[in-house]
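Common to both upcoming complexes is subunit A, partnered first by subunit B, then by subunit C.
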Partner chain A sequence: MAYERTLQAMTWADAGHMAPELILIAMMAVLIMLDLLLPRRVDRSLIGWLSLASLLGSFVSVVWRIQHQADQSLASEALGLLNDNYRIDDFGAMFKLLLLTAAALIVLWSLGAMKQGSSGQLVHQGEYYYLMLPATAGAMLMTSTGDLITLYTGLELLSISTYVLVGLRARRALTAQAASSEEKVSAKPAEAAFKYVVTGGISSAFILFGMSYLYGLTGSTHVGEIGSSLPQAVESFRGLIYLAFFFMAAGFGIKIAAAPFHAWAPDVYEGAPTPVSAFLAVVSKTAAAVALFRLFYNVVFPESLSNGSTIGHDLFRAVLAVAACAMIVGTLSALRQHNMKRLLALSGVANAGYLIAPIGLSFYGVHSNNAAELFFYAAAYLCMNIGAFAVLSIVAGSRRDADGSVQLRSFEGLYHRAPWTAGAMIIFVLSLAGLPISGGFFGKLFVMMGAASSHAYWLVAIMAGTSVISYYVYFGIVRQMFMRSSGDEPVHVPAASGIVVWLCAAATLVLGVYPNGLLHWFEHVFSVVGDLLILR
Partner chain B sequence: MLASYLTMAAILFCIGLYGAFVKRNAVVVLLSIELMLNSVNLNLVAFSKYGAVPSLTGQVFALFTIAVAAAEAAVGVAVLIALFRARGTVKADEFDELRR
Partner chain C sequence: MTIDWPILSFLVFSPLLGAVVLLALPSQRMRLLRWTAVIATLLPLVLAIMLYIDYDPSKSGTAYDEQSTWISIPLDKAAVGGEADFDLHFDYSLSLDGLSLPLVLLTTIVASMAAIASITIRKRWKLYYFWLLVLECGMLGVFLARDLLLFFIFFEITLIPMLFLVGIWGLFDRERAAIRFLLYNGLGSAIMLIVFVILVVTAGFTLEQTAAGVAHFGYSGSYDVIAANLADPQAYANQLSQAGENPFYLSGTMQTVLFVLLLIAFGIKLPIVPFHTWMLDVHKEAPAPVVMIHSGILLKMGAYGLIRFGFFLFPEQADKCSTLLAILGLINLLYGAVIAFRQKELRLVLAYSSLSHMGIVLLGLSALNVIGLQGAVFQLISHGLISALLFLLLGAFYERTGTTKLDELGGLARTMPFMSGALLAAGLASLGLPGLSGFVGELLSLLGVFDSHKAIASIAVLGIILTAIYVLRAVMGVSFGSMQPRFESVHDARFIEALPVVVLLALVVLLGIYPSFVTEQLHHSFDSMLEQLNLRVGG
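Our next item is the complex of A and B:
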């Protein structure tokens, strides 16, 4: 089965279909030039507003495409651009909406955070805003790849942009240097960035090594072709195929920060500027999980249907084991954590378990909506995590000490200092803990029901157990906010940060009260055969 | 023929992984990562010539990998320079400000 693949030039019609990504890339180029040409005295939040506008423009063009397809009753038709390297389908489009929402919320919140106090102000604000665009475009590429090369390119576009974003240092580092040259400049952002570059590089190498074997044994980099020629390859090279998948799963595990591969996450999140931590926690994680979902379902799923197949089942079981491990390790290590950013990083590790659990729960019997579970959980996770990080940055901005690290006790008496922000934080904490009237509750519930309907009862038990343990972690925050009183002056909440906090809180509540709205919309738009599977 | 290339690539990958975990000099850590990425290139090119289904795609993939790895190395070295300015050292085990 040798396919001779022809080169296909990009046409204007293709460019129209890729408009959401192209808008971001083009605007990045424009903003780089603008940043160079604008005189120094012009406030760089202008670039922030423009990048927010381009994210929204990209969002509108994705929505327009979904609507356009629905109007023309092409709901099940997916397009393969550039010789099927790039897939335009509703699976990708729905997750692109999530990623763009997350990026837009983070940019809006940064516009507030940069104004507040000294700890949030970055030295290179222009770079910060326009690097958000290629990072988001990379994440979007990952959600709609039909080819390993495209997947790798998107992954690296996301990773390399975020390497730089993590390393951007705050202005306070400079003033500290000016005040006392004896005192060491805070190396935290650079150190975090270096750790992230090294772990990210290792994870890319693992993914690539796995991909190279997959290509060598099946003769193609197109995921649909790999899927169709895998059963043949398994017969003669079983061990090597296992090796390839093992390497790829490990590499993606590092990117998602799931448990045995999560050691970098607390360090990097702590050292990075807070909005960038939220970006890593939400956008990188979701994009990697979605890419893994599409890859596994196209490459392994056809093989797992055939009789006597082991490799598909083993792989799905391995994903479930990583998910369980992530939940247990993330929850237990959060118990002893007092640094808020590290705590949220570890809670993100536990949440990564929930994100990848639907991937491992493949289609057994009646269980067919794991894409919807992943989508709903990703949406709930987006709202609660960005909200919690935004509250954290508001608290950090109100503190006088230049250390910049936010401990659990920084939330002391927040209810008396900023009652509305404390109220929003309650909603996020409820959602993170998975208690009712919050999006997190239904997100966890759907994943659990999915696990139960595919008879993975041990996973349900682990989910329930770790949720109960995590109550202790999250209610520590509530106790600090309400039970303690503190003499500090009221916290100043910048308008943009306040808007983001309340948008996230409202969305969390809406998802908790009326989860069916989002779920039905997703199931209305998405079909497994038309959108997810790439058949060749 | 293929087996020897694959073994060579696997050995390079392992040396790179060992170096990335063990080496104390941060520049050598970055070099080790490059070694891992280059072992992948060797794999891809070997497969594209002697693989089960030979095709040009492997060489194209290798070109992509080389380009992206160069970008990654550039960012890695830039970050390392920023870190060196702040800390005055490139010893990886002295980068411990984040562990408390």
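Our next item is the complex of A and C:
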């Protein structure tokens, strides 16, 4: 019975609704052909620009759909395609906008970064650009899932594309005059890719294993049906259900890089090309958090409302514990980190805590805007993280250490070498540290308010405490940029990278001065009942 | 009232105007940058003076209120159920009362004088003045904001400029001092944020019936709303429903916890003794004009926050803890005085003297009566002026002699009669000579304490004697005694240096002989709090 539902033919109308994802997939196919057919001498930036265009096209079609639904006053009506396997709703759409924005910014910045000296250039530029598309499509798929199988498909599409992206090598490692130290460098991407494949595989296995238990216990892969039949299943299979969820949580924990499942992140981020690190940090992480959010609110939340529920509350508590653990571990281990990429990876671990905290803050009393908290934090995180990584790559283009890595001290005297870039970096640092006036401040504040109104005061204290500790980490960068001097010549800032840095900085500032705009829009479009819950 | 335009916003953001202009100027034109910055600090000064003249204590300044919705986040209605309207609300809200007004004026005066005194800054002027003006904006905002979130943001805005000002233009160990400053104050702010967040989701809860009969729920960050809810025994925050379930209930224990957290948060800024080490570093490493602002105003923000949020919101808890506060104040006073006596470095003498004087503020607050509270605020103003003056002079001495060690300085009265004279006058004001402003603050505070904690007050008098000893030791050591031959050729103050000295000294004298200049404005500021106290504790 379940198969009949899952395997349904797709109609043209369905294809219209899935246009944002289909555009990306179709363009990928076109670009693969183009990359093969174009002669070698043609600059592969062309493919980059085309990727950018298709991301923007997809963005427009998502916006058009949101608008279209609002016009027809269908704001609370969600569509379930392919028998509810695939949900077209505003919850997914809003997050798709974020993911597409992130991917577009990363591609634009890559276009600049690849021009910046030989060090930033990848051997397979064509592949690099067109693989961004399926990775993004996979992430979008994850935000729209109504069924565990769709979720898994999206997850794998994202993961497999990024496995390749992480392993792409920089050109200079291949040059004939590569010194012995450089050869060591060339091992890094391979190491990173291998680690990523292995941990990614384990995480997929965990998730799949957990899913299989859920299916076995409830007889369905559909998220809504699992949710409605879970309370009965709990009565007889309590232990197995815990097991199922903890396997899935561990799997998603690895994808989100939340402590204690984060050990892979610093190594992989360090070895991967910088834009790919940013992609992992923003797109992968957000998509996994969003998928987990939807899953929890459809499967766990109904159970937590029923009388005498234990599992629901336990699971929410477990998520909060992971969030707290991620904040503490991420912040503390960043304290002694001097390698900038690893530092940002660890900062991403701490931020993962904030991303998943809204999932664990169940409705308590009058707290109901978890989705808005997640959305705002994801938006702020996108701006500050991509911005910070882009600044890092600008710095890397001018100066790096003997072993090819970007250290904290590479930022020495940046204010004198590139004042505007240093100015933008201050904004990112403020945002990362959660200080006003920046998007990060309000992002953290809203999550804190949520925790407080759910009476999770202990989490509020942990958030505040780790923020203070993180000042030391982030202001170490400011110290290098402004309080040290270096006699180096000015840093060359590629136009595209500069644009990305300043777009991110401006967005961070706007979110910090007037968070109302984005939140109002989100709350206007989104409603918990219409868009998030898949009732059966 | 003659002012019908949003003067408070103009006041708060006028320094930023200067900051923006500065950014547009070329960074090598030192003279131009300097004058622009000085003029930019005069603008808020003029506005503050206008306010001071215009302010009428009997109306408590509500005429200047500025309020508009800044952030209003609709929360999901469907989840709450029914047609109820539900939102999270933060206002852009500025207001003025007798407590804020003198501090605002103090801020603008000290900032102007610091900008003039910044003549001793030798590098990267553009960035320096930029941060100085941003700092002034933050400080003014702190004293005027009447929304918890807005207050917090202004409070945090002062951190970043200070970090740069200390970290770039400071002395040898500047970076460590800057980071230490950031971490300690960041910790204080984090604790404050915890309290604020909890307050907003409990005492900030409001329920109104709108005209259409629809219930409107909301969380509000407005200071007035929270203060009213905490004071109202019928409010949600103060009662438990029959079922014993009320997510907005703030129990007595919880209120005490919040008060103690606030005491720690602002105690770090003030600073109260175990939390004072960061402030010594700043005094030691920061350039003199920055210390003028730091010692003159930033420390006062701690006291102001404690009064505004600790005492006004939780008068009952303040009363419970008043003995503790008095003891803390006494420790500050005596510890600071004794250690100041042992210092060999003029900067540190003055730093510990600040600590000691903040003890008097705490003592005055712990009295919880009008005289004591007025004395505490007066002491804030007076110490702000005196310490700004002292550090201004210290900067001038340091510029000429290159040292602030007491055993190297000496006999400077011969070559620098004007400066030494001013130093003597400032020292006398600091030790509380009648006729100068320091005396009034100490007298009022101690009078207040005598009413409530007699034993502690009598010990505190000892502190006054100690103050006289260490101040005179330091001042005399600098002005008289034998002079090192290398100081023979130093010259006395230039006009541009003498100007702020004269202005500050004149104000110190003015407040000393005519204290009602400040106390008159303070008149009704404590009424509502003391009323609350009488109501709940019964006198």
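What we mean here is this: the second predicted complex is superposed on the first by the 515 of 536 C-alpha atoms of A that agree within 3 Å, B and C clash if a C-alpha of one lies under 4 Å from a C-alpha of the other, contacts with A are read in each partner's own complex, and residues count from 1 in each chain.
Throughout what follows, a residue touches a chain if its C-beta (ideal position, glycine included) is under 8 Å from a C-beta of that chain, and two chains touch if they have at least 3 such contacts.
Only a predicted model underlies this, so the values are computations on that prediction, with no experimental measurement involved.
S.K.: Go through the superposed model and pick first if A:478 touches only subunit B, second if only subunit C, both, or neither.
M.R.: second
S.K.: First (subunit B), second (subunit C), both or neither: which does A:515 touch?
M.R.: second
S.K.: Determine, under the contact definition given at the top, whether A:217 touches first (subunit B), second (subunit C), both, or neither.
M.R.: The first partner, subunit B, only.
S.K.: Who does A:31 touch here: subunit B (first), subunit C (second), both, or neither?
M.R.: neither
S.K.: After lining up the shared chain so the two structures overlap, which partner does A:372 touch, if you call subunit B first and subunit C second: first, second, both or neither?
M.R.: Second partner only, subunit C.
S.K.: Name the contact category of A:448: first (subunit B only), second (subunit C only), both, or neither.
M.R.: In the superposition, A:448 touches subunit C alone.
S.K.: If we overlay the two complexes on their shared chain A, which of subunit B and subunit C does A:195 touch? Say first, second, both or neither.
M.R.: first
S.K.: Under the touch definition given earlier, write down the residues of subunit C that touch subunit A in their complex.
M.R.: Those residues of subunit C that touch subunit A are 70-76, 78-80, 86, 88, 149, 152-153, 156-157, 159-160, 163-164, 167-168, 174-175, 178-179, 182-183, 186-187, 190-191, 193-194, 197-198, 200-201, 217, 219, 247.
S.K.: Enumerate the contact residues on subunit A facing subunit B in the complex.
M.R.: These residues of subunit A touch subunit B: 1-3, 5, 148-149, 152-153, 156, 159-160, 163-164, 167, 169, 173, 184-188, 190-195, 197-198, 200-202, 204-205, 208-209, 211-213, 215-221, 229, 233, 237, 267, 270-271, 339.
S.K.: Show which residues of subunit B lie in contact with subunit A when the two form their complex.
M.R.: 13, 16-17, 20, 26, 29-30, 33, 36-37, 39-40, 43-44, 46-47, 51-55, 57-58, 60-61, 64-65, 68, 71-72, 75-76, 78-80, 82-83, 85-87, 95, 97-100
S.K.: In their complex, what parts of subunit A are in touch with subunit C?
M.R.: 363-366, 368-369, 371-372, 430, 435-437, 441, 445-446, 448-449, 452-453, 455, 457, 460-461, 464-465, 467-468, 471-472, 475, 478-479, 482-483, 515-516, 519-520, 523-524, 526-530
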